[in-house]
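In what follows, structures are represented as structure tokens.
Paired with subunit B in one complex and with subunit C in the other, subunit A is shared by the two complexes that follow.
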Partner chain A sequence: MGNMFARSIQRYRGVIATLVLINIIFSFASEYYMTMYNIMNILDHSAISIILSVGMVFVLATGGIDLSIGSTLAFTGIVAAQLFKMQVFWPAALVLAVLVGMGIGFTNGWFITHYRLQPFIVTLAMLSIVRGAALILSKGSPIVGMPESFLQVFSGPRILGNGIFIALLVAAGAAFIIEKTAYGRYIRAIGGGEEAAYVCGIRTNRITRSVYIIAGALATVSSFLFMAGMNAAEPIAGLTTEWMEAIAAPIIGGNSLDGGRAYILGAVIGVLILSCIRSGLNMMGVGQHYQQIAIGAVIICAVLIDSLRKDK
Partner chain B sequence: MNLNRVRILVLVTCMVVIAAGSLIAAGAQESSAAVESPRGGQVSRYNPDYGVIPVPSKKWRIGIMEKSLINDFWLDVKNGYEQAAADYGIEVEIFAAPTESDIRAQANTLEDMLGKNYDLLCVSPITDSNLLTPLAKATKMGIPIINAIDAHIDEENQQKHGIDILSLITVDFKENTRMSVRYIAEELGSEGGECIHIMGLPGGRCAEERKLGYEEEIAQYPNLTNVGVYNGEWDRKKAMDVAADILQSHPNLKAISAANDNMAMGAYQAVKNAGREGDVVITGVDATPDGISSVMNGELDATTAFFQYQLAYMSIEAAILYLEGQFDGKPTVVFGPQENWSAANLESKVADYKEMYAGLQALE
Partner chain C sequence: MRKVQQFFQTSVYSGPVLAIIIFGVALALYSPHFLQVSNFVNISNQIAINIIIAVGMTILIISGGIDLSVGANVALTGVLVTLYFRGAPGGGSVLIGIAIGITCGALLGLINGLIVSVLKAPPFIATLGTSGVFRGIALVLSGGRPLMGVNEGFIRVFSGFVGRVPLQFIIALGIVLVGFITLNHLKIGRIAQATGGNERCVRTSGIRVERYKVILYVITGVLAAIGGMVLTSMMAVAEPIAGQFYELDAVAVVVMGGTLMQGGKGTVIGTLLGAVLLGIVRNGLNIIGVPANYQQLFVGLIILIAVVAGNRNKDRATQ
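Up next is the complex of A and B:
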């Protein structure tokens, strides 16, 4: 256990240092940054991106990418909200929504494995299809008003909602699967070289499909947090920031678009870094336009470090 | 080891660059809020119903959340806020979502703002519901809220979520396109003909209401036929493509009402490409500088102007009234004025409003 801890520190040294440094800089830059209220906010805001990023780590590990998760987030949220409106018992509605999310993931995976299409293109197409479906199903307007007990579970008593705990639970489960199970090794093996993995007896198509299903399911779970946070299901949820962060954060955390790596904790820290930067710049009153430059700069730096590491 | 050193060096450098960049940015923002001799003690500049606006008893701090800062409209709004703040000698801090579709980022940023102890908030939500949670928090924290310009937090949501909205200061979006339809009806005369509407991104109040305004008003004219509402997503290129398709499928099309000037100009390009220039009436909304010069050049026929700068200015006046304890009895719902601008009246209108809108000054 101690050994594993030491190894984690070793692996994530760079991102942890970045996170600490950012926090030190912002604490000096703004009196409002290091307050209990703001720290809670940062954690609360990270929850959705953590869950999406965890799903993305599975996909990235196989050398794939899933651009459709933002649309899946919106669509499954609308599905759940419509079921709420039809007076379906809410946990059952959530289960159905998760199944829909998995269905979207399966469709992605099926086109990718069965027809050998590029994940980028398949999921880009799905991004558009599922967004359209979300707009149709919601008639273009948000659906407001969620069941009280649903809000209690996914949002919980305000200040620090339950979202971050759910997100960390998801991340812990995912880390266990990746570190401790054969499945975790298989997905990395596929990313390392699909043919070699196949020759070794790994059922590569089935495993590849499964990671898109996981990404779809987790996008649905994140939509529950989204809905609980807004008390509404929005057809334009997850249009940009969410899915871009879900790709950027794992990369910042040391994962690679080339596959073969699956660093869950790295992705989680990656999300925290992005959240801290956003919050810190807000606290300093830095304009939105400058914030985008700052966030882009961090992503570039992360990729740069990634490429340095690869040279080793 | 060496590699690690490089890694850390890169990280530190990047942090320093970001920190320096942010400081410069913050500095740039501060310097723009120069204070002159405060206004106050005079009748409201743009809303006579507010009566006399008192001289602020202290330098109130007001947090502003705009929808975005990526087009002229929201920049005019920003100028309105900043001018009012400078005139009355109070402080405003202006935030926005990265784009007009980033609903979650707007909510998160507003939650961040709640940690900064503002005396009052002016917010322009992207949708009717995306800011409910942070606004409920604001009410709980005792921060007064003005719902300025755009989506409304309606009565039902206010009660359900425990949000106190002090005042709604906005535009009647339905009236925007109603004006367009009235203009089209006048231009086409008794002959009438087929019309379409190119709407903005579905889901937002503004897009949906402009669509409704078009549909309701056109139903009033038996000689105008609505042959459809199409989605242009507020985008010039998309509107152009949509319009090109419709011109193919409806060769008798007589008028295009677009939900903003940007899309109207896209539609104009399609009409021009189809060789039907001058044959189809094209109207926009917003009276953006580009839209206005397009009307001047005889491309667009008309645009609906409403006065976002004034709305922002009024919001600050309302805020001061409230913070000075003089808001009782003042109007809580304010719809700003709007006008149809076409070649017939454009020149005098531009002269009238040039002072407030940087975009209009740049026209000449």
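Up next is the complex of A and C:
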């Protein structure tokens, strides 16, 4: 246990240092930054991105990518909301929505493995298809009004809703799977070299499909948090920032687009870094537009640090 | 007849050509509006920018790179050029405006190229980052609002007509021609293909891969800037949020045209056909009267089908 802790510190020291540094800078820059209220606010806003990023870590570990999770978030939210409207018992509606999300993930995985297509282009097409489906099913407008007990479970009464706890639970479960199970080793093996993994007896196609199913399921779970936060399901949810952050955060946290690595904690810290920068810049009165430049610059810095690390 | 048969059995273009014929015939039978000249003018107008951007993207993807910042590049170029026209006395000069646009595109491409080749960052995520930066700069410079006051002469240069053919489509075809020659007959094109096939091999042969990679990103940047200028002149206004998802559209038609995402193989003509196919599909959905919400779904399906169909022709030995 102590060994694992030491290894985590070693692996994540760069991102942890960055996170601490950012927080120190912002707490000097604005007196309102290091307040309980703001910290809870940051955590609350990170929950959705954390869940999406965790799903993305699985996909990235196999050397794939999933551009469609933002659309999946929107579509499964609409599905759940429509089921709510039909007076379906809400937990059952959520289960059905998760199944739909897994179905989208399976479709991605099936096209990728069966036709040997590039994940980028398959999930790009799926991005368009699923977004269209979300717009059709909702007739283009948000569906307002969620069941009261659903809101209580996924949002809670305080500023710091239950979302972040659900997100951390998901992250902890994912970290356990990746660190402690054979499945976790398999997905990294596929990212390291699919052919070698296949020769070693790993059912590469099946495992590859499964990571897209996980990404789809987690996109659905994040859509529940989105709906609880807005008290509505939006067909245009997750249009740009969500999925871009879900790809950027794991990379910031040390994961690689080439696959072979699966750092859940890194992805979580990556999300927190982006959220802290957003919040800090907000506190300093920096406009949205400058924030976009800053976030882009952070992503570039993260990949540069990563490529420097690889050179050694 | 045998030649036709041979074409469909062997040519890399057979997939998109077949799809264009099928969709074309179906639409012609469905609606009398499809085969009218005005409709073709319409289609060529709509696909010109996509073609211009996708030609650069094709060569880049063949070399093993990718540029996701072209959409933001389109917006930033439009904003910069329009800011010049607004600031310069008497509306400014068209030539200087174009020079500013091309310089801007080249500079943005240079930034991408240096980050990717010299600093060795993975292109996908690096250009995702620069995309955020470029878009942010466009928003800051424009104050987040659309900018009016585009020079009249500039509008005529990029969105006029020659006879009934839109000028921007002629520009796009010219760029396809230049791209074709660059890829197949110039040294940089062959190096791009070789680099996408096996970069280490090219490097050991003593070729400075880094330098060529930077040039490819600069070319892509310049083409995106031309796309941005065409869009600005078409709209007669510069939008800081213009060009969103243009990068995804460009990658989609590149792959529909048979270019491999992993690099090494691909054609500019295929990309042109891919863009025409996507244009006809979008146009057809409009003619049939498919609601906008359904169009996105169908466009995604077409991309998927085109990619799967294109893939079937290739040997499956790579499994």
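Quick note on the criterion: the second predicted complex is superposed on the first by the 312 of 312 C-alpha atoms of A that agree within 3 Å, B and C clash if a C-alpha of one lies under 4 Å from a C-alpha of the other, contacts with A are read in each partner's own complex, and residues count from 1 in each chain.
The rule is short, and it goes like this: a contact is a pair of C-beta atoms (placed from the backbone, for glycine too) under 8 Å apart; a residue touches a chain by one contact, two chains touch by 3 or more.
Everything numeric in this text was worked out from a predicted model, so none of it was measured.
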Subunit B versus subunit C as contact partner of A:A92, first or second or both or neither: neither
Touched partner set for A:T240, first subunit B, second subunit C, both or neither: both
First, second, both or neither for A:V20, with subunit B first and subunit C second: neither
Partner chain in contact with A:Y32 - subunit B first, subunit C second, else both or neither: first
Partner chain in contact with A:G140 - subunit B first, subunit C second, else both or neither: both
Touched partner set for A:L117, first subunit B, second subunit C, both or neither: second
Which of subunit B and subunit C A:F226 touches, first, second, both or neither: first
Touched partner set for A:R131, first subunit B, second subunit C, both or neither: second
Which of subunit B and subunit C A:I251 touches, first, second, both or neither: second
Residues of subunit A that lie at the interface with subunit B and also at the interface with subunit C: 135, 140, 240, 287-294, 297-298, 304, 311
Subunit C-touching residues of subunit A, taken from the complex the two chains share: 65, 67, 111, 115-118, 120-122, 124-133, 135-136, 139-140, 240, 244, 247-248, 251, 256-258, 287-300, 302-304, 306-307, 310-311
In the complex, subunit A residues that touch subunit B: 13-14, 17-18, 21-22, 25, 29, 32, 35, 37-38, 41, 44-45, 48, 135, 138, 140-142, 144-145, 155, 158, 226, 229-232, 234-242, 277-279, 281-294, 297-298, 301, 304-305, 308-309, 311-312
Interface residues, subunit C side, partner subunit A - complex: 115, 119-122, 124-126, 128-137, 139-140, 144, 244, 248, 251-252, 255, 261-262, 292-301, 303-304, 307-308, 311-312, 316, 318-319
Sites on subunit B touched by subunit A in the complex: 3-4, 6-8, 10-12, 14-15, 17-19, 21-23, 25-26, 29, 68-69, 93-99, 101-105, 107-109, 111-117, 127-130, 132-133, 137, 157, 160-161, 201-204, 208
